[in-house]
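Okay, handing you the structure first.
Order of writing sets the labels: A, B, C, D, E, F, G, H, I, J, K and L. Residues in every chain begin at 1.
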Amino acid sequence: MAKVLIINGPNLNLLGTREPEVYGAATLADIEALVRERAQLRNSEASFFHSNHEGEIVDALQGAAGVYDAVVINPGALTHYSYALRDAVASIAIPVVEVHLSNIAAREEFRATSVIAPACAGQISGFGPDSYVLGLEAALVVLGRTQ
Amino acid sequence: MAKVLIINGPNLNLLGTREPEVYGAATLADIEALVRERAQLRNSEASFFHSNHEGEIVDALQGAAGVYDAVVINPGALTHYSYALRDAVASIAIPVVEVHLSNIAAREEFRATSVIAPACAGQISGFGPDSYVLGLEAALVVLGRTQ
Amino acid sequence: MAKVLIINGPNLNLLGTREPEVYGAATLADIEALVRERAQLRNSEASFFHSNHEGEIVDALQGAAGVYDAVVINPGALTHYSYALRDAVASIAIPVVEVHLSNIAAREEFRATSVIAPACAGQISGFGPDSYVLGLEAALVVLGRTQ
Amino acid sequence: MAKVLIINGPNLNLLGTREPEVYGAATLADIEALVRERAQLRNSEASFFHSNHEGEIVDALQGAAGVYDAVVINPGALTHYSYALRDAVASIAIPVVEVHLSNIAAREEFRATSVIAPACAGQISGFGPDSYVLGLEAALVVLGRTQ
Amino acid sequence: MAKVLIINGPNLNLLGTREPEVYGAATLADIEALVRERAQLRNSEASFFHSNHEGEIVDALQGAAGVYDAVVINPGALTHYSYALRDAVASIAIPVVEVHLSNIAAREEFRATSVIAPACAGQISGFGPDSYVLGLEAALVVLGRTQ
Amino acid sequence: MAKVLIINGPNLNLLGTREPEVYGAATLADIEALVRERAQLRNSEASFFHSNHEGEIVDALQGAAGVYDAVVINPGALTHYSYALRDAVASIAIPVVEVHLSNIAAREEFRATSVIAPACAGQISGFGPDSYVLGLEAALVVLGRTQ
Amino acid sequence: MAKVLIINGPNLNLLGTREPEVYGAATLADIEALVRERAQLRNSEASFFHSNHEGEIVDALQGAAGVYDAVVINPGALTHYSYALRDAVASIAIPVVEVHLSNIAAREEFRATSVIAPACAGQISGFGPDSYVLGLEAALVVLGRTQ
Amino acid sequence: MAKVLIINGPNLNLLGTREPEVYGAATLADIEALVRERAQLRNSEASFFHSNHEGEIVDALQGAAGVYDAVVINPGALTHYSYALRDAVASIAIPVVEVHLSNIAAREEFRATSVIAPACAGQISGFGPDSYVLGLEAALVVLGRTQ
Amino acid sequence: MAKVLIINGPNLNLLGTREPEVYGAATLADIEALVRERAQLRNSEASFFHSNHEGEIVDALQGAAGVYDAVVINPGALTHYSYALRDAVASIAIPVVEVHLSNIAAREEFRATSVIAPACAGQISGFGPDSYVLGLEAALVVLGRTQ
Amino acid sequence: MAKVLIINGPNLNLLGTREPEVYGAATLADIEALVRERAQLRNSEASFFHSNHEGEIVDALQGAAGVYDAVVINPGALTHYSYALRDAVASIAIPVVEVHLSNIAAREEFRATSVIAPACAGQISGFGPDSYVLGLEAALVVLGRTQ
Amino acid sequence: MAKVLIINGPNLNLLGTREPEVYGAATLADIEALVRERAQLRNSEASFFHSNHEGEIVDALQGAAGVYDAVVINPGALTHYSYALRDAVASIAIPVVEVHLSNIAAREEFRATSVIAPACAGQISGFGPDSYVLGLEAALVVLGRTQ
Amino acid sequence: MAKVLIINGPNLNLLGTREPEVYGAATLADIEALVRERAQLRNSEASFFHSNHEGEIVDALQGAAGVYDAVVINPGALTHYSYALRDAVASIAIPVVEVHLSNIAAREEFRATSVIAPACAGQISGFGPDSYVLGLEAALVVLGRTQ
């Protein structure tokens, strides 16, 4: 049974109230429920971690290595400048899938570039809460592929 | 029953023989079988179109509007310069999901930018043939969301 | 009696239904009627060609050389990257006028640059269907000037 | 009867003697006669203003608001840096059409960018003195469209 | 009675000893006293928070939402790269005013750009400790304006 | 009693009617009244100068040197290119404060850069008419600091 | 006996009449005769293909793989933007030599960059029709080297 | 006897008091005396014009054409953005020499570029008031060369 | 006896297991032992601090000021964007030496730039664990030089 | 009988031992033999010059003018910055052909640009030692063309 | 009696025969005679040095320090990249004046930037052989100023 | 006993007199004595080479290959543009360590980039004459590591 850690970065705890015209009405709890449900369906286990602190997310990624089989991460705005997260992703042996609620290619120019994506297995963006569900599916695919 | 058109752009007909260390061993037929299977599972119908001609893909996108419910497109190298495809995507009322076999963020610099993505519903890259399967799922999600 | 070919590029066949808040409600047929009427008034003859294929437009430009006296072209999104069109325009002896429905300077940054304009006689943008009518007038002016 | 103000910017008073290989042999008076004739034909009235001073052109644009129905402007070299003109154009309720004698896309690189165009209704360049005549026609078109 | 939170970012706790030729001799405590005094004068209440940790400042901004009426923030060097702060500012409903002790336009090139300012109500820089006092006044102005 | 000159650049005379969704409903006269009132409160004297002409503003800045104690300037669109204003500010011995009605960091990209700010004492933007009031306060602060 | 396919891209069919001061007086037929003659001398066989359509050239490159031993290509203006051609070149097992009539380094800036060259064996430019003859020789060299 | 007009742009009237560590202690009157003396020595006649207004300098350049044999100009900060001055220089038949007191290559980056120099006969910078004297000599040289 | 603090940034705790082909087989403990040994040899004392949190490293730098004589820092990926670290380095009176295990000039382009180096005494990169030993030596050199 | 000088720039004397995976196993002597052989076949004469000194190569190019009929040059790394070589090539009346062993478009970004090529007759790259042979042939072609 | 060394860089020995439409018909000997004559008139002594070798010019600049009072240098194409020359100029105590025959601002873009000028006293360009004469005069001026 | 060659580039022979506020008071002889002393301590042998000529340094690097075990190089200003030096470093089998007296990251922008560093083993900058001593130590470390 695959164990997948879902990591959320800065400000994603505000989902539901934060700029709903961009990010939708679902709360982080709603998303977690959605992902947990899909995980059960896939006979896998989803755990969740959120932090507004870059350092704590680096710690979480490092700690995930021996405990989880894969990571799905929405780095929030850290996506665009945190080379520390990129190195953390590159440093651990388990696959990492980057997800985004909104289509980051269709917003401000700085959001079109992810400094983390080159170290990830792949990237999914634009499908709202379902980006996480698809991210979970993608992680399971990568696990299947690499085993 | 949702009808989804899967469009493949230049050189994707060579899959399996073309740079397999980058694109893998699966042929386009293998991918089509994979997607068709998933479509059946989701009670939907997948059709396929391939062309090395930008103009034919524009035609196909325009023609898809009244016939299909959604499009999943891997524009191949047209991803990086075909504003004509971007305008075609923006011109039609049905949702379009952009997919890539490889993680385009982790290759040559010019591949990191998609001029088409801003007009799409979202983007999925890096999961090999499963990028298409996830793209189909994503299209169904978007259809569910927008109905 | 001057013979002028009006060429329309990718996605302009969708006019009337395509993003009407940007491109207006007139269809390509409406525009053709408008231009034909003005042509008659000016004792000249307007012919029309549309294609979503860059190659066909290059062919059409080359073919126009011995048959028409001038060309009015709306290259659509090819405006921004098709150096092949630019070379075709530069290769033929008859004058070419570039037209755009919308004010391309007031939209996305990539639309502000035309790689084709340097090879044209001049450029007209922002006047909706009347950009074509003004383009016809401009072509007749250039013909008068260069004879 | 539409009243249109034709504004000419720095150095355009030298037309006829200034770099005739670029700008042609017609003087500003010749152009004014040409435009006046066409205005009469269209049952409208053309007035003319020239200044080498950016500030006076801003004043003229502001003053045009209550007096004229539209403006046709050739900002000369101010085209490429005068954000003050751009703001003046954006500040007044009447439509403004930007015109250029030469094809600015085919000259020095700095001439290819107009900082004023995004605030105008549209732009016409490359048709010599007839750029003004076409500009007048365009202004009348826009007036018709917006009334 | 308006409640305003004053947030200070990395290294601002060193004020008074840190590069006094740039930042002046006043300590953070001096500045807090100055602001508190003005707050009393304006019949409002100023609270203070300092951290060298980006994540803690994001937390503080999120926590401010239900408790304070406005925020005055000097993000220190985070000004130039912390999109996470920018999103936090954009995510909360209360107005945020960005302040700087020095004139950031007159120093190293990288200091001239604030990635946070676009999400703020406005920006004040260059007036030493009084930048905070003016920031408080500005916050009260915005509160008056938006109520 | 400090004497402060308030200078307004191109198009600011149109305030109230010019793009009110950006610049608000207050006229320049309203702003002058607001500033005059605050000046009285601070036992100082505010004078006002407006021009759409860069040269006249350079003249005014030069002339201010022996007559006023400080200047508050909103250079309008000259902010973004007038190095002549920058040199004028740097050439005179009295402090100059730059103010803007709107938050210039949150608008078109060209508005985010002030070529004048590096020569000023500081900058205030985003607080509508109160940017001027805060600018007056800031000027008095700088005068106090430099005496 | 080596079989070599010579591919010519957009507008090269106009050689002889197209901007002869840049491209010379030789027609495409003249060049083909020249190359055929040299091929015979080298005991090899030259075939020719021209198209103004990017897609047809991609098709031709793909089709060449099993039929020809090498390709000599002058992509015309597609040189500067067709990543689809680049991928086609990279996708096939046979060597491809890029040739240009004019010295592309000595013309407009955009012509100095070939997006196709990185996928080719090498590049020859500037020797008029003889660029093709040298390209044929180069292809034979590469064939000899890689066998 | 050659007649030469010496034009000074914005803020040069402040010489002697303006940033003397950069521009030196000589006033504009001192410089005029120096140049006049040298003109006499060369049996020529020097006239002087100063303005802080771009438009007046354009007017002066245009007016110089029939009256003077050459112009020596220090455009001040207009050097770096006034394409209107550049066009004025290019529009008149007499030679123009650009001079600067300080070495503009050794100061802020924006000062290293002159948009006017390409239209001038040549440029002299860095020799304080003697830049004008050398400029006069240079103008006489050019007159001798072109007669 | 000089006291030197060795600070390690994000992901350096993973040394030995993290991308060993880039960073080598030595663990952070190995490096610490190596440095401690050299410190003893030099009659000085080395202390160690590691954190994945930018804020904690800022705290550590500030706290080092009164306690240690110098700092040797490997900021990890923070090297490339943490202006907060740069300001912390610039804020404290003791010298700071930047070290890197790998030759950062020979890797991805973003790693070639250190935003922290301008505030340090100097930089050493490329010598594996010995970069730290050389960094200790360099710190002692600087201490000797500045006393 | 045409006399051609083959010039080799910095580090090309190390061929055979220098990075053989990039430059191949042939020594400079091997290449000279190859070229000499082909020269004999073409009834021409090849001479050779190598230097690691930019200045000596400039001298050699200048000296070649009256002695040789053409030059084939591999400028080594000088290709990318030596405008002095470019000017030397442009200064002499005989044609110069630039050659490279490797495909410079397929290596580090800085190698893709030749500052010398615009002054040459043409460029050949990517064919190993045969680039020189093809360069000789090309030089003979150019001689034939220009006589 | 001031002693001035005139240094000429790469390819300037070809003057008279090299691209005479750009550089004129005067030979280097002509220029030397012209300068020598003026030196005598100014009761000073002009010596001359030419080299195509950057290193020799660095040597010459270093050697000039104790022997000459000033240097006039035309670095030829080294102007645009030789930071070694720049450092040599900055390293010696005597003033250096940079001169150019042609107006470098009016030619290819790379010629508009001098990396040497920031270390010189000033720059003169565009006056043909008289640039050297004016350079001598300028050097004497600087000597007078700095003594 | 390891033999190490210390190479110094342009203008480093002037150390002690050249801009002592940047480069310090030590002469090159002082530095050589310092390095020789340390070499003895390390039971190795240091030799020295200086040249202002890029070509001679390339020669020296090539010649070092069979004679020395390692090189320590301060390329002076060649650091920033001499790709010929970079290729020489990459061409030889022995390790090369780049050193700089000053902290090149803290000076003019062009000094922050070394085109040579990517080919070196590592880089040390900012420690004055001790940069050479540390460079010697680093070279010995690399030799130990690679044996």
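The rule is simple: a residue touches a chain if its C-beta (ideal position, glycine included) is under 8 Å from a C-beta of that chain, and two chains touch if they have at least 3 such contacts.
No experiment lies behind these values; they were computed from the predicted model shown.
The minimal number of chain-to-chain contact steps leading from chain F to chain K is 2. Note on connectivity: the fewest steps through touching chains from chain A to chain H is 3. A rotation of 180° superposes the C-alpha trace of chain G on that of chain J, rounded to the nearest 5. Here the CA centre of chain E is 62 Å from the CA centre of chain J.
As a whole-number value, the distance joining the C-alpha centres of chain A and chain F reads 47 Å.
With centres defined as mean CA coordinates, chain L is found 54 Å away from chain B.
For chain C, the set of residues touching two or more other chains reads 53-56, 81. Of all possible chain pairs, the ones that touch are A-B, A-E, A-I, B-C, B-G, C-D, C-G, D-F, D-H, E-F, E-I, F-H, G-J, H-K, I-L, J-K, J-L, K-L. Here chain E touches chain I in the complex through residues 9-11, 13-14, 17-19, 51-56, 76-78, 80-81, 110, going by the rule given at the top.
Chain C meets chain G in the complex at residues 53-56, 58-59, 62, 81-84, 86-88, 90-92, 115. The touching residues of chain L, counted against chain I in their complex, run 103, 105-106, 112-114, 117-128, 130-131, 133-134, 137-138, 141-142, 145.
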